[in-house]
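Take this structure first; my questions come after.
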Amino acid sequence: MTMRRLINLKRVEARRIYLTYGVVILAYIICQTMSSTKMLSSSMRGMLVPICAYMVMAVSLNLVVGISGELSLGHAGFMSVGAFSGVASAILMQSVIPFEPVRLALAMIIAAVFAAIAGFLIGIPVLRLKGDYLAIVTLAFGEIIKSILNNFYMGVDSGGVHFSMLTDTTRLLKGGRLIIRGPMGISGIQKISTFPAGFILVMISLMVVFNLVNSRSGRAFMAIRDDRIAAESIGLDITKYKMMAFVTSAALAGAAGALFAMNYSTIVANKFDFNTSILILVFVVLGGQGNMLGGIIAAAVLTILPEKLRQFSDYRMLLYAIILIVMMLATNNAEIKYFLSRLNPFKRREEAE
Amino acid sequence: MIFLNFFISGISLGSIYAIIALGYTMVYGIAKMLNFAHGDVIMVGAYVCFYAISRYGLNPLLGVVIAMAACTLLGIIVERLAYKPLRQAPSLAVLITAIGMSYFLQNTALLLWSSNPKVFPSIIGRGAFKLFDGALSVSHVTVLTIATCLVIMIVLSLFISKTKLGKAMRACSEDKGAAQLMGINVNATISLTFAIGSGLAAIAGALLCSAYPTLMPTTGSLPGIKAFTAAVFGGIGSIPGAFLGGIMLGVIEIFAKAYISSQLSDAVVFAVLIVVLLVKPSGLLGKQLQEKV
Amino acid sequence: MAKAKTKYVTVPSTTILPERDASREPVLECVNLGITLGGIKAVEDFNLTIGRTEIAGLIGPNGAGKTTVFNLLTKVYQPTTGTILLNGKDTHGMSTMQVNKAGIARTFQNIRLFKNLSVVDNVKAAMNNDMHYNMFSAILRLPDYRREEIAAHRRALKLLSIFDMQDMADVRAGSLPYGAQRRLEIVRALATNPSLLLLDEPAAGMNPSETADLMDNIRKVHEMFQIAIVLIEHDMSLVMNICEGICVLNFGHIIAKGTPDEIQNNPAVIEAYLGRRKEAKGSEE
């Protein structure tokens, strides 16, 4: 029977989803025990929260790049919107909600809402474009967000919250606090992000993306990605679904930004530049477009890798670049792939079957 | 008069963008890939030129020629090693490889030449033409930049439209399979495109650093991104588009710096790009491709 | 289903309708439809009426503008002239999506499946407008998500079973054999509940036995759903066997309309397909 040779997608998909949840939970348990038994170096411990944030970024960008098939080069922009709105709201809530986990959760929700609004506003023009033009406009928006935040001032005093652009004209009353200070960003942040919170956010983002993908919306995203004209011909509203994917992705990125920012005492807009957007894209492409687990692993490996390469000091970014190029060649060139598969005894047996 | 001054420096900056954008647009037109490493080729060109002139005391012109040769070679090697094996790969994989190549070039430069900024000697001196009793001052570099850009534009257009190799390039950009069947060596043509683009990048590097004399391993990246934007602005794949896009971007950037805010100038540039793409979704001079149903 | 028993009635726009449709409003009326593509009048003065349960054929030599007509009907191209009435409603200004919601579904000449989705997901994607749960129900897996998904899955399998494809439900659509891909496109189109189904060369690339199966399947679909079907086809045995009315297109113009028998003996049609014979010079419909 020819049918037997065709892969049963449903089983593959289900297995992949459970595997992803399983790996994340297992990794969390291992890291948490290692961290509490002091087996983890302090530099590694410090990286746990950023790794979680990057994992969420990878999952969220994968929704746009892998599932909806649109290239976005400005994803760090949503991360920064989330970081700034999240941190600012956490500072404002400091006296009202003294319990840190609740404040963190609320800050992340606010961050997600702000990033989603940014995603919606940007999505209106962006999603009318296609392919490389869409990519360049997302890049442009990423840079615009960075420029605006670099020139944005926000302060709070007894009279309420004040904003200004370009120069600090908030004229705060005595006892007021300037929270966002243009290119100086936000400093004096209470580091309330924790590894468990990061883990929960990763799990939530996986749940959002997986459940969305396995619903009518997810089918619509992928149908539009595979064939836009056919998708229109069966009555799918292209703009609506593209927007849905884009906004959901932006919201997750915003929450990740808040998590990331509250792991540091200072945060500046320049941290979320084009290079950060590209870094996240690298996670997604290296992990395999549409493959959440791959993106998560890539995020972890590529965040740890520069640390581990520290012993090569000056050569570490060079090695990083070479590893990136070699990995892309190894996973995408037919000849090299064939060569590698011959080296792998398991693969060969599989082919022989 | 101040307005005119800004306008001229805008055109000068735009000319540099245009030369870089040509590299992007030609490679995109033929290989359908965004060569993110292009900006770093500019930086390499500038370094080679810098060492030729200030270390070895060569004639600036000779320095530029050496830099062009070095970048041309670099462009061909990069294409052969990193991009050619991925000709059949999905475009995103190629994009990431190009980004990796960009990091690679930047970090090699960091190791070779350190992160300390070098003061680039102008290839034509720091003199200026004084017009209208000194009210308008146009530096020699500015004039040279604009003139070079015009010459490159004209020569390249003639090359593309008149010569056999140029026609081969156009054929490849239309349909690689058909071009191959007509006896065109597609791989050689793509290499040639990279070679020309990289050679132009060396010129752009020398001009850029003559106008803005700080040279660092990261010097190429921001102009690279802006030039890429310029190429899209003009309609990526179109050579006159790259020229027009580059000039316009330069002028807008200088005016934004002068009249709006120097901190927000990049934001203004990108905002204009977005507006243009919304009105003309394939850029100013780009072709709108209709998908066959 | 014997086609000899069908009686035909002429209607004002000179199409032939099956008698059973004569008293009912036609599903589709095209009046003076035309489009200019790149300076060339690809389709001009296209007048056609399709009855509510008619099976009609659109034939003509390559490049005659048949697919362009489908693209006009589904608004992939906006017509430059003329009107399209669907169920008596003008479709002017509608998008492809809106036309589908209004009742036209189609297949494509060069198969356009959602290659990376499973077979059943291809069909369920087409049922999107029948489902109403929102994204929060999906994320939180609320009861309405489960209810509607189960119902959609059942219906998708039922539709697939018409074409004997229920066993392939979880296979990646892109890895299906060619014939199955064509059939899946038809199932996907049917899943949108159309009142008019446009099939663009459904038998292209099929062998005679596959074509015969396809013919049975099209009849089955027609009987089950009682919808109008228009098909573009080069396989004359299929067209002549299955279609009740045929419209012949050449160089963007309709050169003949009628029953299969009439078309087979129409000199203009023979000329379009075989070239001009000396004796037949100047003969018009």
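Letters are used for the chains, namely A, B and C, taken in the order the chains are written, and counting of residues starts over at 1 for each.
Methods note: contacts are C-beta pairs under 8 Å (C-beta built on N, C-alpha and C of every residue); 3 or more make two chains touch, one makes a residue touch a chain.
In this text the structure is predicted, and so the values were computed from the model without any measurement.
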Chain at the geometric heart of the assembly (C-alpha centres): A
Furthest chain, CA centroid comparison against chain C: B
Gap in Å, rounded to a whole number, between the CA centres of chain B and chain A: 31
Cα-centroid distance, chain B relative to chain C, in whole angstrom: 50
Chain A-chain C separation of Cα centroids, rounded to whole Å: 44
Overlap residues in chain B, where contacts from two or more other chains coincide: 293
Multi-chain contact sites of chain C, meaning residues that touch two or more partners: 76, 108
Multi-chain contact residues (two or more partners), chain A: 229
Residues of chain A touching chain C in the complex: 2-3, 6-11, 207-208, 211-212, 214-220, 222-223, 225-227, 229-238, 244, 248
Partner chain A, residues of chain C touching it in the complex: 74, 76, 95-97, 100-101, 105-106, 108, 112-118, 121-122, 124-129, 131, 133, 135, 138-141, 145, 148-149, 152, 167-168, 170-172, 175-177, 188-189, 191-192
Touching residues (chain side chain B, partner chain A) in the complex: 28, 34, 82, 85-86, 88-90, 92-93, 95-97, 99-101, 103-104, 106-108, 110-111, 225, 228-229, 232, 236, 261, 263-264, 266-267, 270-271, 273-274, 277-278, 281-283, 291, 293
Of chain A, residues touching chain B in the complex: 65, 71, 125, 128-130, 132-133, 135-137, 139-141, 143-144, 147-148, 150-151, 166, 183, 229, 274, 278, 281-282, 285-286, 289, 314-315, 317-318, 320-322, 324-325, 328-329, 331-336
